[in-house]
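Some structures to go through are shown next.
Next come two complexes, and both contain chain A; in the first it sits with chain B, in the second with chain C.
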Partner chain A sequence: MIGDSSADGRSLLGRVRDRLEGPNTIGDSTTFWGAFAVVVAALAVYPQVVGPYTVIQTSRYFALAFLALSLCFIWGYAGVLSFGQVAFFGVAAYVFGIVGINLGSVTGAMVALVAAVVGGTLAAALLGYFMFYGGVRDTYVTIMTLVVALVLNTFMAQTAGSEWAVGEAQLGGFNGMNVPSLAFGIGQSGLVLERAALYYALLVTLVATYLGLRVLVNGSFGMTMVAVREDEARTATFGYDVPFVKLVVFTIGGALAAVGGVFYASWGNYVDPTVFGIGFAALPVVWVSIGGRESLLGAIGATLVIERMRTELSSGIGPVGSEWALVIVGGLLLTVILFMPAGVVPTLDDLADRARSRRTEQSQSTTATEEPVE
Partner chain B sequence: MSTPQDINVRQKPAVAATGGGVDTILATKRLTKNFGGLTAVDGVDFSVDEGEIRCLIGPNGAGKSTLLELITGQLSPSAGDVYFDGHDLTGMDTHARIDTGISVKFQSPHVYENLTVAENLRVPLQRADGDTDGVLAETLDRIALEAKADTGASDLSHGEKQRLEIGMAVTLDPALMLLDEPVAGMSIEETADVANLIRSLHDDGMTFVVVEHDMEFVRQISDRVTVLNQGSIFRQGPIEEIEADEDVRRIYLGENA
Partner chain C sequence: MITPTATPLSISGYSLLALFFQFLDSFGFIVLATVGLAIIFGMMGVINLAHGEFILIGVYGTALAYHAGAPLPLGMVAGVIAATAFGVVVERTIVRHFYDRLLDSMVATWGLALVVSQLLLIVFGSSLDSISTPLGNVSYGPYSSSVYSSVLLPAIAVCVLAGLYALFTRTTFGIKARATIEDPETARAMGIDTDRMYVATFAIGSALAGLTGALYAPALGSITPNRGNTFLVEAFVAVVVGGQSVILGTLAASGVLSVFNATGSFLFGTFVGQMLLLLVAIVALRVLPDGITGYVDDWQQRRRAEE
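The block that comes next holds the complex of A and B.
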């Protein structure tokens, strides 16, 4: 009996691992999952050992990691480079603010969350539909998505007048809009996600999203995405509706960016048109290029590290003034693209693989040379 | 120019050929493709019977590959129609045409270079129902790449890539297979293997249209041969007649002799 149940337990764990692992993600070893558990546990105790300022800053990095995942998913796995994922991030942030302000209760914040994610997702589906069914491809997708973000930037920037209001929500132009916090509960009472609560909500959502995306990219849909990335024309000749596949991928990417946008707006209780600006639009491309566009973990890790670095640099370290922050990030991007075109995480994985196979070869050759002596 | 013949396109799938009547599975009707001032395919009425192996030959630039791309929908015609197995394919997207039961292998190998052999086969296979693992093993055996299932496609030889590509097309279990130069760049042994593969699939009921320059290979597999020249059908008939034809020798075969 005991043996039976433990065998069942193992096969369940095995089945879960089978779905999480595959050729499209890095990290399939027991060591990897052990390290993953340790890192998640460390992040869980992190707020207990650092000050509240660091907890709040780290929450911001977590919210931005959704934006990185969104780009990593569509660019790394389906080959669609969007320079405008911030558009769906920003649309969701504004919708969250507008609905949240107008409803103005804890229940209202929950409705606003749903409305914002739906709004950001629909915006991506609409843009994706016109692009992919209109035959827009490659760099033109990149340009068009950037243009959409910049148009939104210009439009939102001129909404300063009092006539630009949706119900009670003033859009506020350059000055931005104050946004309520995410909350769960009924009526006026419930859990408001601020400080450590927001941190834990983000950590749980981020880990769940990461694992969910691993299942998706290692399943048959992931194989379809990779086939589209590798060769669109050939994939169509196996009966795949390539524009539809890209539309689905782009819409999922929009949903991920929208989730990030809601958390981001709730984190700062504020959103302004710079979320659509070119400076912010470039950041996801920087994170994902450095972390490795074919690595979900790389995208998250690079976001956390680079944003932490930018925060530290913006207050200036030693002789290095804050004005150097962007130069240093830009230099890092150039260095990575030159020396590790696949990104940091895939390159490290490749090096580890090579070291492992060299060790196997060495141990084989040692036994081979020892044998005649014996 | 001949007047367009009546097109006897099969209306229902899987009607057994009764007695002498053989059904037409593929027919193009006055199919034309212009590229700027050049007419690559010029009013072609090309029809293929169910269950035959038809070879398409002709000099470079005769319009053979263009004709295949018009059938699969990679290109859209300037004029004319394509019918297959009771479907009017004209205006359909490539993926919808494939779903009616067509597979294609292009001229230059188009395998997914960054995927392994098994992953390459899974891309078409995962759209099929049933025992895909069984079909995968069977296909690997058929194209003699069992030992290289986990090898990256970029590490395959040219001949192996050609076989893999044919294997990928075969996994869709099509009624009609279009092969553009399946043995280009292959050794004599590899060519014989591909001929055997085509014949065994043909015995299972698959219809083939094969574009090929290798006349020895054409002799091994073809039922009938269509000669294209300057975008039009120049001659059509059994291989012996075609090879004996003075005009065909002059425009095409002479080059090879």
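The block that comes next holds the complex of A and C.
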């Protein structure tokens, strides 16, 4: 890693920054970290200044941001485009509900959290093993992941009968399943994560996950991921085990989606088969394409903005009724992918970079007077 | 559609016949749903995720013309024309930017799919009146099958495949189109207008999607803006199971998938049939990552190398 050998003499903060920064993430300047701190602080006081409805809605956007991070991580950094990240999101949501209902206590909710994340992660590992060691590539991976999500959608949709139950948990088919809230504590007493508490839990987890992913993608594993994205054959020639790298990446992606799924199910105390549906599966692709697939921050930002916009549109703005929300989202996706293929955040970063280098060039050319004029 | 009244597991001549009709029904559906997508994927390498919506435009064109008073065959022509025109516009404005960006093309066409199906919902409401299926049913023993969807449509499906085979192997246009796909640089050097070939190929794919929509407009029951997904999933699965070769791939994949789909549907209901189709597709992809035709190509090459 960059600066590892010279880090001894530097401050702790400098060493931490070395880990967080690198060529694979946007925003390595002191200005960026300043702005980042300001935004996080603003989000921390946000629940104090807005109404409870906005807090609850924002919690939902945060939960969905994990889904965006999951896709951004595997697509943007390893080149594996999955249309089925919602599968692991949904599996985790259902596992959380099933275990939570059957155990039915605060400790039970903690066990359910672990079980759900493990379940979603294992599902991703299994599918990843199946695909990457079977030589399934590129578009075929995309189709296969989507098919898996649709299989789950079809399957869960027909579980309405009372014979479809795991212990005390009725799967409920299209009607969905009620899910307990996330909670931390022992026995029946503890902190139940609802409203503002859920908001803060999500904010802390999201910021920690973002920073953790930055460390990961700027470390040596991140470099290998990018190598796989850029040229699989060459990476394999250098002795890297490409299927294994993809499997690890896909599994981590599944874990991220699973965390989001648990929060999402706990947020609404509810999960139904639409989490596996084609409409929901489209959303992560929309967020990540618009935000910029090679930018973790872009994926989070786009999720928050687009979901906020969808919430606003759901009540209709002026002549634009709620039915136009999908048209606008789809049109936005088309426009961005046509005119800013890298996504909004990387394009802005590129523009800022270019403006900066032009400024330095200008200041250089004004000082260098002996340059011949042609 | 088959309505079993006897216990399905008892094997008799009638139930075998019913199973056969179910197979034809499913085969015709998968071939027609797939063929437009397969042309665009096989010839241009673009996966058109708005394929379901192209079919839907065929359905809507047909239904609107029919409800406006046109006879059904004329309505079907209107559906095909609408889908073809839409395809040409989409190729010129969107798809042509993505010929070398495969994954982006999937994302872009998905965006298009969202917009189109939602616009259909906004403009035409949550459903159009259904069109009654022509030709009626044929009864045999305790079963009955629709002549239209179990006999006529599979027959049309086979004719479409045969026609495409002739088009791409026996005509100058077909040879030019294949040359363009094989090696655009050389094709241009030989005086082929490759741009026009791309538009034409995409238009043929769209026309076939429109034809599928037109043919299924009277067989769908209710016509709703999310009907595209019914076709899309089957088409996807068949294209990836079939592989790059358009006609043979579609034929082989539809044959294999419809055997499983029909048997599952016949014995245990449509839900099991659908699940079986998807599970077979997943297993097939795992075992044959380049599809059936990819595997056959491989095998032929190996045999040639051995000789």
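Quick note on the criterion: the second predicted complex is superposed on the first by the 358 of 374 C-alpha atoms of A that agree within 3 Å, B and C clash if a C-alpha of one lies under 4 Å from a C-alpha of the other, contacts with A are read in each partner's own complex, and residues count from 1 in each chain.
Everything that follows uses one rule, which is that a contact is a pair of C-beta atoms (placed from the backbone, for glycine too) under 8 Å apart; a residue touches a chain by one contact, two chains touch by 3 or more.
Every value quoted in this text rests on a predicted model; they were computed, and no experiment measured them.
In the superposition on chain A, contact is made by A:I143 with chain C only, not with chain B.
In the superposed model, A:I278 makes contact with chain C only, not with chain B. Contact with neither chain B nor chain C is seen for A:W164 once the two complexes are overlaid on the shared chain. Of the two partner chains, chain C is the only one that A:V286 touches; chain B does not reach it. Once the two complexes are overlaid on the shared chain, A:G330 sits against chain C while remaining clear of chain B. In the superposition on chain A, contact is made by A:G134 with chain C only, not with chain B. In the superposed model, more residues of chain A are touched by C than by the other of chain B and chain C.
Within chain A, not a single residue is touched by chain B in the first complex and by chain C in the second.
Remark: chain A residues 23, 220, 223-224, 226-227, 230-231, 233-242 touch chain B in the complex.
Chain A contributes residues 75, 81, 83, 130-131, 134-140, 142-144, 146-148, 150-151, 154-155, 158, 278, 282, 285-286, 289, 323-324, 326-327, 329-334, 337-338, 341 to its touches with chain C in the complex. Taken together, the chain C residues at the contact with chain A in this complex read 47, 94, 97, 101-104, 106-108, 110-115, 118-119, 121-122, 229, 232-233, 236-237, 240, 271, 274-275, 278-279, 281-282, 285-287, 289. Within the complex formed with chain A, the residues of chain B that make contact are 72, 74, 93-96, 98-99, 103-104, 106, 110, 112-116, 119, 122-124, 126-127, 168, 172.
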